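Here's a structure for you.
Chain lettering (A, B, C and D) follows the sequence in which the chains are written, and residue indices restart at 1 in each chain.
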């Protein structure tokens, strides 16, 4: 159990240390990175099975029982997030190894990538609010570096936006931590869960809202999301893919965790979150409709779809949270895939601008299929995973009589379909032999890039097929979130 | 916690905010550092009014709360790393743009111009593109 | 078996798609196998099903969401299978000749098969959610099929148009389904219909469902995608846009009408929309010269008719609707086919440029005339039987029903007129539209295999009209499956009754209308609305795009200072409102704890303000350093020597690093352009942040009741952590994980700094770096 | 090496530098019981290097230290992670620290906790970072502070 919980955090760091040491040998770095993430993937899969079987598990780091030490803890939600995150990291790593220029120009890529993995894992597993801050810093620092590797002018410009906004979020997080510690004298989430309830309502509400803002910046909700569409599209495709799939979801995870665990029902700002969710969906999708670059369209859709997850949270019902969880599962896979496809398109054509693209299906029929399936899924078209996720949220919303937000979510999915078909119609349809950069890939490179993308497409189809058990798992995870006793007792060792 | 130090933290945060909202990158960085100072004051204050250094075994009873100190220490070091990176980024920005200003996003500005254009004369483009 | 049939469609379709290039037109055979097997199997089970057997199958998918593959074959589904799979098989046969060896034939075959499977799913689904799944699949396959000639911008636009409109309805419908399912406690259609829920919510749900049905079945005002979809190759139009997909909406309405027709606004809404569609579509069909457009509006009109019959929820009308459903498929599909043949051979389908058809075209003409006659309801064709039954259903009803009757008679008059227009194309096109020049004569007719499917269907219209017993039980049982009270056997001759008189009247008036076509055309040119459905669609799309551009340009300013202002403003104001909402204040704490705080606070405040106001970079950085050293003093006073040491070291290093970078930048802050955030909002946000921080800090520390966890740390540091310096023991032991994370940050930062410093030094990337590095 | 360097200045610098390095090591090892620790130690060492840098430029800093900056990062991270893994391998909780009492030949008897070794890792990383900053933002930014491409 110790290894299961600590391994996903410590092993990537070990890998990172080795990678820095092996700096001169590209292939050694590759082997280390792939092996490390594979090992972590196995560990986290075992962890998920174990947690689903036995319920929440916890390890007291350093042997110091909570709340003195830091606790690593995995409930179903954390384990699900971890498994998905590691799978995405692994797939994208394989893709990056195949792609010319993405990782090979920079000796720093592999170690920083592994640091990112460690940070993401720690964020999901930590049971301590300050340690969560540290985890955020780890993954953010890694993301700053990955985003600006190469140092092109547009990268620096957008990296600046990203770094500055993230730093503001970090400062706010620290301030929130100061307030939390001032009010309760503890940082352990489970301990907080008991002590926060005793606080005066105003202080509690203020803290809850401050944390929503802090995590809201990271998860890119309205009106805190502006940085995202400006910064994501300029990074190399594998980097954007990982960011798109994972980073905002870490924020969403923190939102889910903090709002359900820390605050008693009377402090939960359900209505506010639903309003925010609706605005996030709408403004995000309207932004996407306006864009004419594939990666920018996809980036705005990240924002829009964060709204769906927040909607599930805002309902504060088991069904709503289960919907949010299954939506996250679906979204992480599909979004990552789409960015990888966008990267393949850019690789082949040398551009991601719709105005310069046409008729690509004639040149790359496989790519057309690899785009179409996740695109339909993203738009919530049945029978793909996005439909199941959307249906779960719609049923939950109707069940909670939140009709307005349900209506908004349905309308937004129409616009999502619109902009997906815009990409399809302009990129893959159209006359001509299609745009061709002449940069064809060597067979092994192509196998790595298309293979990893295809693997993720297959995974998203598998999610749809196995939606029954996955939704049941999501429901169990949601039930854990709504009833915090199991978590608190496991952490505090009662 | 005293009102004096709380207000000091507030002033540090407010001036940090003011600097961050400027256009020059170096100002923004200074602002972030200033915000960091303000937040560090807050963190230290969250442990109470302070007291004697927490070296156990020495003959004092009025310990300051050591935990916030450890947190601040972590925060200081992290901030140092991040600010170093940000400075490197600023340096790089200066190299590639010969400018210290935080530019607006090019694509966003283009979209905004097109929006104005669209609103001026209702264009006749249809659903495609 | 039902599931196996669906799987067969999926497998055959995907196989045809993936082998599209190698298979060529043989993909049609592979794909066509699926509907052929289906109709054969259905025929083999027809006897039992018509005797009242119901075949059901169930496979669980997502039990937690009540989403399962509930399949159900009753007599009404059987009737639909005749359309979907029966006519579908013939369309595949027709496509063989139509596409020949065209490059796209493989893709068309695969997509058509997938579509056929989805449509089969719609008519077999006994679960609202499953029905929605299949419904959307028909939309998507239809999108891809309409856009099959993707190098044509019109095809792409039409595909999108169809997709958006039908998906809009689909999403409304999904909302309605979920409401309906939650109200009724089940998503099983058979169970819902047997025990219909009621209430306001159900009424709303039904309207939403109807919106879905209307869009799919091209009812006004959602009809405009259907004429646009005519850019697709004709086999696709014949199948999707006459026989199969557009019937989905009607099918759904038919399923629900017997149970829900009296709930809420269902009946007036369905009848109103249906009649409007029937008449408006009929009028519109009198205008186009493009034969496919004529057929498209004719289809819209007939769909309106079907909507009225099947949606009104009266047993007699339901039976008539079932009859017309089949009859319509039988005449509309061959009409599309023959138009397609002409188009294929003559490369035009415009009445004004159509060639005169010569001797080789007899079979095509026969097929066309028979089908057009059936459409116009001329005895003894199948269409006549259906129309008679429909009139009969409303004769002798209430006032409202007589009004409906008047409406459908009017619509039928128009049907007669446009049927004649169509027939004229195959006989004497000059009678309808003067040619632009001398009409060429097309003697050489199409190959018999090309004509055979159309001829077969046209022949069926005649056969079934002459021998109603052949299909009487199918139609009756189908109607009875919907509504046990429905169903009366079909007869060609009922004796002279009101319906027959009305039929005669309809024919006469329709012929008259056709005869007066010149006057009608002039009247239409004057009276017809200048705004078409397509215009409305365009306007809506444009509005949405405008709105999107507007919102985005406002929200997404691209300006970092604005983003920061919004974020910090939100962070200050929103939690502050939460804090205030509690209306709780712990009281002000001590003003000053110790005297040493005063100079330190003063130093910090002065340094901060000076840094904010400094006009020179070095000065600003200098004051930042002053603030940093003041922090060191603060830590000393607070009893935090470790912090003081660290802060001192960090500050010193930071100043050095700052200077390293700043020496490369100009000395003064220059102003190239106006700041993104004006001074007033800048001050306001700053003040809000400051005030919030003070208030929250005081409130939070005033709320503390419990001792901190660090008390235990202090006690255990030496005995268990082997260290006297508790802060250090916390860092490396109690909270060693924090420190591990922290050093990781430093590692990443180091790599980042190195990478950025190195970037641009790569000669292949920035050959001109020397000029840039100043 | 720059010309026209005063011998006196040079010697003074070296003295200060050495003293600072000793101080930094003291802070590192004393930290568990007195104010100090790996961070401060590393920062002081970094500050000393900064001094060296200001006086003699990058070349002198390079000449002063064995290894390249990223070696310090790698080694430091290895030490820190190694401490976390050490207890894990034995089946214990991660980062479980133990104390060893041993005879350190020169200094005398001392209690060495694994926590101190952990702090050494911290120290090394801080030194590595400071070095990277100087190399990256210092006098000759054109010289690559990280290893060149090995070819791929």
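The rule we apply is simple: a contact is a pair of C-beta atoms (placed from the backbone, for glycine too) under 8 Å apart; a residue touches a chain by one contact, two chains touch by 3 or more.
Just so it is clear, the structure is predicted and the values come from calculations on it, not from any experiment.
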| item | value |
| --- | --- |
| B-C against A-D, pair bridged by the larger set of C-beta contacts | B-C |
| Interchain centroid distance [CA atoms averaged], chain B/chain C, Å | 43 |
| Averaged-CA centre spacing for the pair chain D and chain A, given as whole angstrom | 36 |
| Distance from chain D to chain C - Cα centre to Cα centre, in angstrom | 61 |
| Chain A-chain B separation of Cα centroids, rounded to whole Å | 24 |
| Multi-chain contact sites of chain B, meaning residues that touch two or more partners | 1, 13, 16, 20, 28, 40, 42, 45-47, 53, 55, 67-68, 71, 73-74, 77-78, 81-82, 84-85, 87-92, 96, 102, 105-108, 111, 115, 128 |
| Interface hub residues of chain C, defined as touching at least two other chains | 156, 160, 164, 545, 549, 552, 556-558, 560, 564, 568, 641-642, 646, 650, 653, 657, 660-661, 693, 697, 700-701, 708-710, 713, 724-725, 727, 731, 733, 735-740, 742, 744-757, 759-760, 773 |
| Per-residue multi-chain contacts in chain D, two or more chains | 33-35, 39, 70, 73, 77, 80-81, 84, 94-95, 97, 126, 129, 133, 136-137, 146 |
| Chain-level touch network, classified as line, ring, star, complete or other | complete |
| Chain A residues touching chain B - in the complex, by the definition given at the top | 130, 134, 137, 141, 144-145, 148, 151-154, 156-161, 163-164, 167-168, 170-171, 174-175, 177-179, 181-182, 187, 229-230, 233, 290-293, 296, 354-355, 422, 425-426 |
| Residues on chain B engaged by chain C in the complex (per definition of touch) | 1-24, 26-28, 30-31, 33-34, 37-38, 40-42, 44-58, 63-74, 76-78, 80-85, 87-92, 94-96, 98-102, 104-109, 111-112, 114-116, 118-119, 122-123, 125-128 |
| Touch list for chain A against partner chain C, complex | 9, 13, 16, 20, 61-62, 64, 67-70, 72, 105-106, 108, 111-112, 115, 118-119, 122, 126, 130-131, 134-135, 137-138, 141-142, 144-145, 148-152, 160-161, 164-165, 168-169, 172, 175, 178-188, 191, 195, 198-210, 212-214, 217, 223-224, 226-227, 229-230, 269, 283, 286-287, 289-290, 322, 359, 361, 376, 381-383, 387-388, 391-392, 394-395, 398-399, 406-407, 410-411, 413-415, 417-418, 421, 425, 429-432, 467-468, 471-472, 475 |
| Sites on chain C touched by chain A in the complex | 60-65, 67, 129, 132-133, 136-137, 140, 143, 147, 150-151, 156, 159-160, 163-164, 167-168, 171-172, 174-175, 178-179, 182, 544-545, 547-549, 551-552, 555-558, 560, 562-564, 566-568, 570-571, 574-584, 693, 696-697, 699-701, 703-710, 712-713, 716, 733-738, 740-742, 744-745, 747-749, 751-752, 754-756, 759-760, 762, 765 |
| Residues of chain C defined as touching chain B within the complex | 153, 156-157, 160-161, 164, 538, 541-542, 545-546, 549-550, 552-553, 556-561, 564-565, 568, 588-593, 597-598, 601, 604-605, 608-609, 611-612, 617, 620-621, 624, 627-628, 631, 634-635, 637-643, 646-647, 650, 653-654, 657-658, 660-662, 664-666, 669-670, 672-673, 675-677, 682-683, 685-687, 689-691, 693-694, 697-698, 700-701, 708-710, 713-714, 717-718, 724-727, 730-731, 735, 738-739, 742, 745-746, 748-750, 752-753, 756-757, 759-760, 769, 772-774 |
